[in-house]
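Look at the two complexes coming up: subunit A is in both, with subunit B in one and subunit C in the other.
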Partner chain A sequence: MDDYANPWLHRLKWAYLLLVAATLMGPVFYVMYISFNANGFGANQYEFTLEWYGLIFSDQLLMGALGWTLRLAVICTLITVPMALLAAKYYKAARNKVLPVFLFLAPLFVAPDILGSALLVFFKNVNGALRSLGDALGTDALDGLFQLGFGTALIGLIIYTMPYAFVVILITMGRYKPEQTEAARACGANGWRAFWDIEFPQIRAGVFSACSFTMILCFNEYTRTSLLKGGFDTFTTVLISQMLNTGMSEQSYAMSSLVSFVAIALIGGIILYTLVRSDSLAREARAKAEPVMST
Partner chain B sequence: MNALGTLKMTETKPAAVEVRGLAKHYGSVVALKDVNLSIAAGEYFVLLGPSGGGKTTLLRTIGGFHRPTHGQVLLNGVDVGHLPPDKRTTSMVFQSYALFPHMTVLQNVGYGLKIARMGRDAIREKSAAALEMVGLTGFADRKPHELSGGQQQRVQLARAMVLNRDILLLDEPLAALDAQLRKDMCLELKHLQEKVGITFIHVTHNQEEAMTVADRIALIADGELVEHGRARDVYRAPHRAFTASFVGENNILRGTIREVDGDDVTVDVAGHPVRTGRRGLAVARGAAVTLSIRSELVRMGGPGEALHSLPGRYSESVYLGLTTSHIVALAPGTDMVSRVVEDLPQVPEPGAPVVMSWSPGDLRLHVD
Partner chain C sequence: MTVRNIEGVAPVAAPLREPMREKLARWVFALPLAFMLLFFALPMALTFVFSVFERTMFWMEPGFTLFSYENFFFSARLENFLSSMYYSGIAVIVCFVLGFPIAVFLRKSVPQVAQHRVVLLFILPFMVSEIIRVFALRPVLQRNGLVNTTLQNLGLIDEPITALLYTHTGVIIGEVMSFLPFIIFSGFLAMEAVPKYIFEVCDDLGAGPVRRFLDVILPLAAPGIFAGCTFIFVNGLGVALLPNILGGAGAVNAGLIATQAIAALDFPLAMAVSAIMMTTLMALLYIGHRLFDLTKILSPIN
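Now for the complex of A and B:
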């Protein structure tokens, strides 16, 4: 607050910020609140329990879905983040940046159901073409190569998460000065060493953030996954299916809360770490800056 | 070794850096045009010129950061045009500090040694010695952001010098420093080069900086090597009109050849004849030429010797601290400046007739 600001206006701004935060997080906290109620959703009486959390692990449907989701998220992250990193590096080096950035970010602006159904049609057509090719070649090895399943869901998720990972990494890369790579090369480092020793440590936070972001996006994604997944269920598809058919079980509330706890802890941890680190660096710099050296 | 032996060794030793017919094009933009240059081992060589003239491109091409469009770069007699920077015998100091912010000063300095797989103790020892050389002992554990601009440049110097390469490239190393610090660092650079005896190639657009450090200067403009020579010669006896206009404070006068008489040439300037040496240049009567004379060689007042003076009208004086520049209009659009250290007993009124004169031999003829 500056010296001339109205203190009530200052308080009002803070109240507004808290209201926005409450609007954003209210539903999540409400689900968490329900997950600790022994009497479940909609009950008149609230009785605290951890029972539903204990029961999560005995719910085969939920655990199976969680397992598939985790596998998808991990593999998607392992593929997407290096690809996004490479794309961001090439983008930074590109002279004409308009076309690449448009192409990389375009999937963000396509509605998920349109992209999902487009991929569905695409995979079906590719399967048909491969089957015909296999018939012509006298082999059935090509049949069902793009049959709906883990692979197609993974491709859908990679396409979905790539632009986000690209943007997150690119933002961190924006602060990196390419002269440092040149300086490393002048010191005798080859291209890979210059990247690994000099550039990567400086963009590491962005890469890890992109990993966390991609994992969380994979957990959140419903439309593309439900269209492309074939015969298995993910965490979100189970939850939505339950909600539409029988209503969510208490274990589902507990599982949703658990996933939210993990996501919030992860993102909160990154933010907290960044704030604490920049604060400690600033304090260190102030402490070490000596007025006696003018040159 | 006898004197003859020493002479033979000197004669057969290849230049530290030689560029032959070097050109660099970016699409239709020509950054360097057919540059030929030879820099001796142990020389402090300065590439001087206006911004965008191509001097940094030339330096970066020598360092391996640009691949030449055509032409050769030879380091110690070996063609290295195909080699990346890490395979060359050069190290580099960048304009924008380019220190590694996540490393300490000591780690920055020792990075190249680490790449060269030197032992940890040897790295520490050599890096500490390099820091001592640049006067930064005691700063080893600091991070770059905790240093001033001058200190960061010294760390860059130490990082480059510790590699023991025989050619150091400096790309506008002092451009980001304030004027006083730049002067101090200039002298430090010069002393350092004399101490270590390796070849320094220093890019700058600042002529004072160039004069302070250079054994030889090359003037680069519009992608061309305009002129090169000993710093003193480039300043005192520029061959090209561009050099005269860029180095020192020269009066540039346009004129037409009136008469050629052996080694002497008479040129009409602002309607008056002046005489100058021909310097072996091919000139013909009626040709348009340029004359130059350093402003500190021009005297204002007095009768002036025929053919070595020009009349004009006093315009104004500009006080520059150590010197004062007196500006005289010879004709509309043609001014002449006399720069003097001492104060004149009486400064003419604006518009008063004055004579600008000089000693025979001070005025130089240019035909480019």
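Now for the complex of A and C:
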């Protein structure tokens, strides 16, 4: 039946959609609510406080972990997004799409613990092989090239974030007409100028969205990082070890809420920007479409 | 030999350099592919090789033994793996029943300009750390948590429901809450293959919602639905944190077996579990590709 023939059914469907969205976010909002309670979880009396958040910022271990997480997220974004852009262009040009589809999307389907374990054993074996090779060549330059640490955690994060960045960029690229590049080339522009001056401005929104997604995903990732990080800690590894060791303390609630606030603010910002931009583009298009009145 | 022009500049060098640059550019575009081959496909393929290595005290050494597989298939691990497949299957069904109608509704009844904005609503929970979302379920589901307190306050139950946490039900709830957005995304993409006029044609022919769904929507949107369901199923099998945080003593999945093996320094066993998971995934993707051509998943955004 047509939804508009039965407006109540249409409203009911909207209500269901919003209920599911609210249910998915419900636990996160509940944790945020608890994080502002001076008496903690399960207390009969609710007393607003920012004390637990203050404790986070005075925790040196956590601040150090925050620094490492930021470094990882920034470097991962700087590598992943250009790679995803290249991957999307490669995919567009490829005649046989099975291999690129498989390689760029398959990490989504491999569970984090399985991928993390496979990479951990792979890196340890590569390290052993490189050490033997170095011994045979009489050099120690190859020792510890893939020792567990920042580099290996970074590789794990790039593999994890690549499918997301790839899909986001591919969606915006779908709106770009390749004839424009052909026209630019016909006008004498080289490949780089055709990309930078013609294509990039049109896919910029997708590239920046991919940057935001990659940053957030790096910030949130736990399993692969904890297996591949070696000696340093990230925000989530500290958070999870505290939660597993001492249970959900008031500080854990505040830490979880803080990470969620940052993610929501970033995604909320993107949503708002998209709405404002599409409205202004629509206004511009309407203004152009209106007939010019002669005086 | 370089031919010089009047000013003495070598102009012939430029056309020679061009094909070289083009060739280099082609290689640059293949860089991500090479990266994924080296650091994703190769380590995953090598799990099969490492799984037959012999275990030593702290590591493993090259050799050929099927002890890790024996260790997996002739122990309680197989039972745990099969039961996690069962519960993961339930989570897939629940996610599909709850999430796919949203994707259909979005494509069918929401104006096109608003569709992507509504999808963004479901990106929001996906962007909050999965770990935090799973941990956040504890205060919601536990004895004195939000669900029990609300139900008791409403007078619907007298005693708190204890089956919501530290049980298989808890794990299924966690899987549904974690992966539901994905079936909405993949369903939304899949529904691109179902033009809006199809619904009108079905209405004109008097086909009911069940017939329309089974005979029209399902075959057209199959690649996306399959991808979404496979994602949920495989992650349900492999995300160790879900049974670790929400499950009880009997809730163990493949991911948890692998991480426990690594903690016990039994690396060949961890690799055997990874290899079994990869085989399961590859078998599913192969069947899916033969049946529905999975490259069509990305065709809506091409």
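As a working rule, the second predicted complex is superposed on the first by the 281 of 295 C-alpha atoms of A that agree within 3 Å, B and C clash if a C-alpha of one lies under 4 Å from a C-alpha of the other, contacts with A are read in each partner's own complex, and residues count from 1 in each chain.
Everything that follows uses one rule, which is that a contact is a pair of C-beta atoms (placed from the backbone, for glycine too) under 8 Å apart; a residue touches a chain by one contact, two chains touch by 3 or more.
Everything numeric in this text was worked out from a predicted model, so none of it was measured.
> Overlaying the two complexes on subunit A, which is it for subunit B and subunit C: clash or fit?
With subunit A as the common anchor, subunit B and subunit C both fit in the superposed model.
> Could you tell me if A:P100 is touching subunit B, subunit C, both of them or neither one (first, second, both, neither)?
A:P100 contacts subunit C only, not subunit B.
> Thinking of the overlay built on chain A, is A:V110 touched by subunit B (first), by subunit C (second), by both, or by neither?
It touches subunit C, and subunit B stays clear.
> After the superposition on A, what does A:I216 contact: first (subunit B), second (subunit C), both or neither?
In the superposed model, A:I216 contacts subunit C only, not subunit B.
> After lining up the shared chain so the two structures overlap, which partner does A:G174 touch, if you call subunit B first and subunit C second: first, second, both or neither?
second
> For A:L157 in the superposed arrangement: first (subunit B), second (subunit C), both or neither?
neither
> Which holds for A:A73: it touches subunit B only (first), subunit C only (second), both, or neither?
neither
> Between subunit B and subunit C, which one contacts more residues of subunit A in the superposed model?
C
> Given the touch rule stated above, what does A:T274 touch, subunit B (first), subunit C (second), both, or neither?
After superposing on A, A:T274 lies in contact with subunit C but is clear of subunit B.
> From the CA centre of subunit A, what is the angle out to the CA centres of subunit B and subunit C, nearest 10°?
90
> Quick one: classify A:A118 as touching subunit B (first), subunit C (second), both or neither.
second
> How many Å separate the nearest C-alpha atoms of subunit B and subunit C in the overlaid structures?
7
> Overlap the subunit B and subunit C contact sets on subunit A and report the shared residues.
Overlap of subunit B and subunit C footprints on subunit A: residues 191.
> Mind listing the subunit A positions that touch subunit C in their complex?
Counting only subunit A, the residues touching subunit C are 1-3, 10, 13, 16-17, 20-21, 23-28, 30-31, 34, 41-42, 83-84, 86-87, 89-93, 97-115, 117-122, 124-125, 155, 158-159, 162, 167, 170-171, 174, 191, 213, 216-217, 219-223, 227, 236, 239-240, 243, 248, 252, 256, 259-260, 263-264, 266-268, 270-271, 274-275, 278.
> Write out the stretch or stretches of subunit C touching subunit A in their complex.
Counting only subunit C, the residues touching subunit A are 25, 28-33, 35-37, 39-44, 46-47, 50, 59, 98-99, 101-102, 105-106, 108-109, 113, 117-118, 120-125, 127-133, 135-140, 144, 146, 177, 180-181, 203, 230-231, 234-235, 237-241, 254-256, 258-259, 262, 267, 270-271, 273-274, 277-278, 281, 285, 289, 294-295, 297-298, 301-302.
> Write out the stretch or stretches of subunit A touching subunit B in their complex.
177, 179-180, 182-191, 193, 197-198, 201-202, 281, 284-285, 288-289, 293-295
> For a test of understanding, state which residues of subunit B touch subunit A in their complex under the given definition.
Touch list, subunit B to subunit A: 63-65, 84-86, 90-92, 94, 96, 98-102, 111-112, 115-116, 142-143, 145-146, 148, 150-151, 156, 159-160, 163, 169, 181, 184.
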